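Chain naming follows the written order as A, B and C, and within any one chain the residues start at number 1.
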Amino acid sequence: MAKTLTRSAASSSGFGVDAEGAKRLLSDMLLIRRFEEKAAEAYALGKIGGFLHLYIGEEAVAVGATSVLRPDDYAISAYREHGHCLAKGSDPKRVMAELHGRRDGLSKGKGGSMHLFDRSTNFLGGHAIVGAHLPIAVGVAFAIKYRGGDQVIVCYFGDGAVPEGEFHEAMNLAALWKLPVIFLCENNRYAMGTSVERALAQTEIWKFGQTYGVPSEKVDGMDVLAVRDAVGRAVARTRQEKIPALIEADTYRYRGHSMRDPAGAVYRTKEEVEREKLRDPIVLFRDKILSAGLLSEADIRAIEKDVNDRIDEAVAFADASPEPPGEWLFTDIYKEA
Amino acid sequence: MAVTKVVMPKLSDAMEGGKIIKWLKKEGDRINGGDILAEVETDKADVEMEAFGAGVLRKILVPAGESAPIGALIGVIAEPGDDIAALVASAPAGVGAAPPPRPAAVTPSAPVAPVARPAAVVSAPAAFPAGPGQGAQAGRVKASPLAKKIAAQSGVDLRLIQGSGPGGRIIRRDVEAAGSGTAAAMPVAVPAAVSGAEFEDVPLTQIRAAIARRMPLSKAPVPHFYVTSEVAMDPAWELREQLNALEGQPKISVNDLVIRACALALLKHPGVNASLQGDAIRVYHRAHIGIAVALDDGLITPVLRDCHAKPLAQIAVEARDLVERARHRKLRAQELSGATFSISNLGMFDVAEFSAIINPPEGAILAVGSVRRVPVVDDTGLGVGRRMLLTISCDHRVMDGAMGARFLQDVKRLLEEPLRLLV
Amino acid sequence: MAVMTYREALNMALREEMRRDPNVFVIGEEVGLYEGAYKVTQGLLKEFGPQRVVDTPIAESGFTGVGIGAAMAGLRPVVEMMTFNFALLALDQIVNSAAKMHYMSGGQFNVPIVIRGPGGPAAQLAAQHSQSMETYFYHVPGLKVVRPTTPMDAKGLLKSSIRDDNPVIFIEAETLYNVKGEVPEDPDFLIPLGKAIVRREGTDVTVIAYMGMMYRALEAAEELEKEGISVELVDPRTLRPMDTETIINSVRKTHRVVVVEAGAGFAGMGSEIAASVTEQAFDDLDAPVERVTGANAPMPYARNLERLKTPSKDKIVAAIRRVCCVNGHANGS
């Protein structure tokens, strides 16, 4: 899933990807969508506990961004991170097992929905204190530069992190030290129930980048190709020039903030949600590639079946995975020498 | 109206229990808060006990002459209509606050008819708290965890020990001082007062009870041996008179000279300044000397610390202060423990010589007789001289006869060349 | 062995570890050009350059997070808090990120970071700059917390902290920076974390203290020695993980415990040690554990009030006498 799609390969299609690339983008977005739907179901069945924040509606951001990263690039996210983790290449079986709190989960069942980590894909978590992972992303970029490497790190965060001091500290340090970090803000318009208008004096989040001298832009976060294009340019520049970037992706979550806010109806209207569903990133992209003739209906049905199978397999795997043994309570607190 | 429990109050830090000397109110008397209900004798002093509630003194549970542990119910103040039956019934059975059965040979019973050996009669409350079952606070033995552990290992009955820790807590040194288990297990109790035509049973005072408890702990398990020596006291006598003629200087007693001499000799003979501690002999580097003080109702031994480091004048001042305060029962608990050696002086009673019982865990005690004028023969012929007999009692487990003798020899030499006491 | 100050010992440790491992770097406010607000990093910029001696703006949460991220990516940052009072701005990073990363990633990402700087009562710096900070950290599983009392410990423990694979909170003391002591010059000299030390042997009472309080406890011990009370001094050195074994062994010998801490006592280190001792050595106690702690008040500025806030030698002496059941006059157990 983390395989890089080169822009040159897509040039013939006219919108950035060839058939194989389009299939991958669609497949990845569908996988996340299906994964989240099944997670919601498992939550309703009591198999998943705690907080569960679904990414449904925002899939184009993670998939579009990841599609221009190398496997050795890093990604880090907040607590609505299932999509980012899956897009970066983690095995859905192990992600689902983690949500189920089972021993075969990515974090051995100790992290849960909000703390997915995968060293094998350079996915650095799953951080659930809003804003805290932005300086950490800067630190990873610091290490990349310290070692003279050419990787980048993509740091996903929501509009809710922007009023946090750490957003500004991180932006300042990354710009000051010229570090290869791409701040990718998923502006889904609500920090839990607080709209950006109620939280920010400057609602055009990308403009904060200008303050710090960081190349910034806003992109349609429901258009996977637009995301891919914007992040692709930022990655190339960052890799080359070792400077950070800020991208604001205009997106929307169709579900509530968490499963405890299933309707999300207090702070926004049903009409608004329905209106936003008209630009469902998966529907839009499917229509686009069908009309462009990149993939057929049959191709798409095959993709859907494959995705459904993989997710069913993931759920079965999670169900079958044993609970972590009691003694694991005390393992991994410290790394032993 | 509320029913007010009258309990044995805690009147001093070290107090574990008290004895009612007399009730100043009798059953049926109307009581106002603050009224003095009774006089209580503690181990340190006689204290008035005030009422903390108002009403009628409905019931006296511990009559005059009896003892009760701190917190034990000793009376009830209530209005005439209040039902106090349950409260009274909750008080320990028998006269006063009787302890639960003791191990070995103790049978609570009604007062027994006069018998020839009152010590065998056990029915009255003990002065010290007993085990559980006597009310939450009243019966608890307060002892440090370590003290409890050592007591359990050595078979010492904690109920028989007076604690020297805060609030009378029994701490390690108290258990160790109590010696070995066999002696400690001996039941000790205060017999009920019994009187008749031919004799009178006098209840033990607190101090006498303590002595009765402690002395068998010494004499039975500690093998004593005795060494006696005669000291020519003429030069010391003369020196003392000269010193006491000095204006502005503290008065020096013969006992002060003996203390000073012992302190110096102990430094030289640390083996005498020692005590048996389990399987080791603890040799003390400092001389803390217990000074036996006779009181009307017994004997206590306050401790003069660091005698080895104190000049004669300081010893005189501090010893006088200790003795004075001992007589007035104004000693602090910590001044009654920690001696490494003791001196008992019966000189004022015109006693030629005697031998003393070691106060465990000390290793030795010196018994001092009177300074007597006796005929002496020396190079110049027959004359009159001042002589004093000293007898040291030694714990044979800690030292041997020769050691005691050498120590005594040095004490004698120091007293016979008394200028050495001043340097 | 060389005689040097606590400050020099820390500097030596940093220098040696930076020479030994190119992944070690120093980051914080004024650590480079200014050579450290307390000159602990003196000369490092000159030797190692700005890439490894990184001056930051005043952004504690930010640069602490940078350190954590760098550590996750394999570096070994030494983050200097100009004073530990400022670490509260980074408390979330330390507690929620650094301490828990290894656990919540199921052992995938460890955070080998040292966060160091001066803390504890200082001289008339008032409420915000003069306080014991360790209590905020040693509660947290996943952190190690070190408080080095002597120059030798400063070096040996800092080196071990840098080599440790876990986040280490290393709190020095402004008041000790000029204390001199013998320090091994051997670059391989290490003092293991989690090991207490008996600084003075005694038989009558165990006094547990660290940093400035250890020096004060030592004075108390010397005073009481003259009265025949023999005080054993135990310095935990690492507060988490705590070497309770050494403490308990000492308690089994002396049967009495006094814990001295500069911070306000409530829920402090003394409480923790008292609980451990009670749990593990109850039957060895001849007296309740006593705590001598800072007063439950913020640090005042006025010199006389400041003196009242922090445990004095006299208070320590009094507590020792209490547990030994002696009052004024001595009694050797």
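What to note about this one:
Keep this in mind: a contact is a pair of C-beta atoms (placed from the backbone, for glycine too) under 8 Å apart; a residue touches a chain by one contact, two chains touch by 3 or more.
Just so we're clear, the structure is a prediction, and the values are computed from it rather than from any experiment.
Each chain gets a centre from the mean of its Cα atoms; the one farthest from the centre of chain A is B. The pair of chains sharing the greatest count of C-beta contacts is A-C. The centroid of the Cα atoms in chain B and the matching centroid in chain C are 49 Å apart.
Rounded to whole angstrom units, the spacing between the C-alpha centres of chain A and chain B is 83. Averaged Cα coordinates give chain A a centre that lies 41 Å from the centre of chain C. Taken in their complex, chain C has these residues touching chain B: 228, 255, 282-287, 322, 325-327, 329-333. Taken in their complex, chain A has these residues touching chain C: 74, 76, 105-111, 115, 117-119, 124-127, 129, 132-144, 146-147, 165-166, 169-170, 172-173, 176, 331-337.
If you check the complex, the residues on chain C that touch chain A are 25, 51, 56-57, 59, 61-75, 77, 92-93, 96-97, 101-110, 112, 141-142, 144, 164-166.
Residue ranges of chain B in contact with chain C, taken from their complex: 144-149, 164-166, 171-173, 284-286, 288, 305-306, 332, 334-335, 337-338.
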